[in-house]
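Every chain is named by a letter (A, B and C) in the order it is written, and numbering of its residues begins at 1.
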Amino acid sequence: MATLFYEPSTRTRLSFEAAMRRLGGEVLTTENAREFSSAAKGETLEDTIRTVEGYSDIIVLRHFESGAARRAADTANIPVINAGDGPGQHPTQALLDVYTIKREIGTLDGIKLGLVGDLANGRTVRSLAYLIAKYQNIKIYFVSPDVVKMKDDIKDYLNSKGVEWEESSDLLEVASKCDVIYQTRIQKERFGERIDLYEAARGKYIVDKKVLDVLPKHAVIMHPLPRLDEVTVEVDSDPRAAYFRQAKNGLYIRMALLKLLLVGNKSLDPCENAALFCMANVHVQILVHVT
Amino acid sequence: MATLFYEPSTRTRLSFEAAMRRLGGEVLTTENAREFSSAAKGETLEDTIRTVEGYSDIIVLRHFESGAARRAADTANIPVINAGDGPGQHPTQALLDVYTIKREIGTLDGIKLGLVGDLANGRTVRSLAYLIAKYQNIKIYFVSPDVVKMKDDIKDYLNSKGVEWEESSDLLEVASKCDVIYQTRIQKERFGERIDLYEAARGKYIVDKKVLDVLPKHAVIMHPLPRLDEVTVEVDSDPRAAYFRQAKNGLYIRMALLKLLLVGNKSLDPCENAALFCMANVHVQILVHVT
Amino acid sequence: MATLFYEPSTRTRLSFEAAMRRLGGEVLTTENAREFSSAAKGETLEDTIRTVEGYSDIIVLRHFESGAARRAADTANIPVINAGDGPGQHPTQALLDVYTIKREIGTLDGIKLGLVGDLANGRTVRSLAYLIAKYQNIKIYFVSPDVVKMKDDIKDYLNSKGVEWEESSDLLEVASKCDVIYQTRIQKERFGERIDLYEAARGKYIVDKKVLDVLPKHAVIMHPLPRLDEVTVEVDSDPRAAYFRQAKNGLYIRMALLKLLLVGNKSLDPCENAALFCMANVHVQILVHVT
């Protein structure tokens, strides 16, 4: 497996590499392909992919341009996994999110989900809304500052699938009736010089002790990480704080995905099959490209 | 194997690491030794080598200074492989080039070879001209902009070996009678502020559809990569476009080289022996240093 | 094993990674965690640790802040090894130093040790003075420019342990009666704009041929590396120059440490037990945190 990372990452790269090594495979790694590969000399992504596929059996790509994973997959004769392509998609994150909900709550059908924070720029909430729509009787609450509201493309998609959703500005009220509160970081880099807007947006919806007080006992707090202060550290010790377990699930889901792509699903053990539970319901084709 | 890379690289580092892992060995890697090793604190290359040889059985070094590999090899008590030393040499590239010609054309003796592009600064064409001179009845055509012509040291060397060569400004005519067209990138960084000269040189000799039209059926296009637009992408789908196969051969030649250096050549399997075919004709001593 | 390095390193990272691989384990590596991990997005060290512990069985951390290793260890549920925390401690260096003295001299009790160079800022000499105090009948000579003298906290500690020490400005006289001369680099970065003070301090105590001439036959020169010119290269060929052997001992001591932490000390082979000789006398708890 070759991990080509053109953007910083901790969780995604390390969990992919840990996954491959636990499966017994080897890893070729690039921590900073943007500056220390031939990309710095002007090589196209396509040429890099054609070269690297000669040295590996599967490629994991994080890139700063939306659509880069699609271009790479169209070029390669081996599987390419999209590990995030700029503001585009981050499909394995959505997979691990859905898997985490299943593990934590016990079911996906019928859940009530609060998506909180930067819903305009966060690729994880966008991918998650898209994926979760494939299950039954889902209800979604969007809670976000006005400047970073969920965009119409996702709302239209949910409407077309008959998924109920509503917008709210009352985080406590939403928390009191949800199974999952999915908090996200306000992305400073999207605000340019309007630091004032960023500061206002950033402090608006914080998951803290007050949220825990109204949150149902069986419910959980999720976050794709990294976080700044949109989930306060006092929340960490509550058993409903699921975000570090969520990060660990990235390992399992990526092990299952790699095994599926490299050897088919016959040899999956029960644990890995559990990780693939949700993948059975989704279109793997939208996530990766296998030729 | 420790890979110490003081300069950006995709192909060379990843193919060396893939080679070692396919042989069952382990890899210690530095993607950017210049900034993130003790070199940043002023340590000499010699001291770094003496330290790293304590942790590894073989060192692969790419450095920005000509002669760095020689200094490292003189210091170390384990084999040091030169993976490119600034404007100096890039011997394993020459090995894989010669191996690619053998695999693609079937022979090395008697071939006609067109070296195109930046012949003054390209260490790969310089190394290749030097190596190919060891075979019989070679004919070389140099096709390059005036500002980056092949230098006299190589011409003198070819003369001393009785190798026929000529300079030409007609790429199409050369392509019509060659077995191999070896195109190279014009290296912008060598032109300093004379961007006008660079732009003029860069557009002069392009391998495109017109070249394919006159190129013999059995012939091939090679390129050390990365490329910009000196080989157009329309060429990629032609079976005579050998440059991605050439990049992949880097894996085989490096596997063979590592095995030769670490366990001797007794245990090479037939495939690896094929990779070493051309090495039998050259002086391995000029490429690496084994103490 | 995950190696999280927020500062440049050659010896420490590569020897830890080589150690783990020789033990049969796998490595997740970050060469430059400061810029290319989520730390760049503002994630706290604690959050990074909680994530990475999900993907690994042991963490090796080098950080630029004093106390970072302690914070990481307090957070993690797996062992965290301090591989240097800013101007704080570098305990595995102290371990390999003590192990080197034992191997080179044959004993630790009763030795005479000259600590030379930057005694104020060098975390290795500070840690070594602390560790060596646990042995019997030690005598320490401090030889340093006035601006970087050993600080009172270590002197007070040695007094409380009854360890004899004195300060000297005569390197040759000290060298003539020591078993070990431990030279260190004057750290330019600590002098800010007072380059004149740095230059004066830097040239003051140099280990060269003259020091070798008076050094006892059985004695050794040690240095944590990297060095600039405070040990001249003419010294390298003398059998008493132990610094490259010392660097290699880092491999053995780290293998022993990893094995101890991961599988207990029952399965250590004789060689590894030798590496752990000195660790038996010290408090492993001060070095790492195991929960």
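Everything that follows uses one rule, which is that a residue touches a chain if its C-beta (ideal position, glycine included) is under 8 Å from a C-beta of that chain, and two chains touch if they have at least 3 such contacts.
Please read these numbers as outputs of a predicted model, since none were measured by experiment.
Homomeric contact subunit B/subunit C is classed as different-residue, with under half of its interface positions used by both copies. Fitting subunit A to subunit B on C-alpha positions gives a rotation angle of 120 degrees, to the nearest 5. The centroid of the Cα atoms in subunit B and the matching centroid in subunit C are 41 Å apart.
Of all residues in subunit B, those that touch two or more other chains are 29, 31-32.
Within the complex formed with subunit A, the subunit B residues making contact are 5, 8-11, 14-15, 17-18, 21, 29, 31-32, 185, 225-228, 233, 244, 247-248, 250-251.
Across the complex, subunit B is touched by residues 2, 26, 28-33, 35-43, 46-48, 50-52, 54-56 of subunit A.
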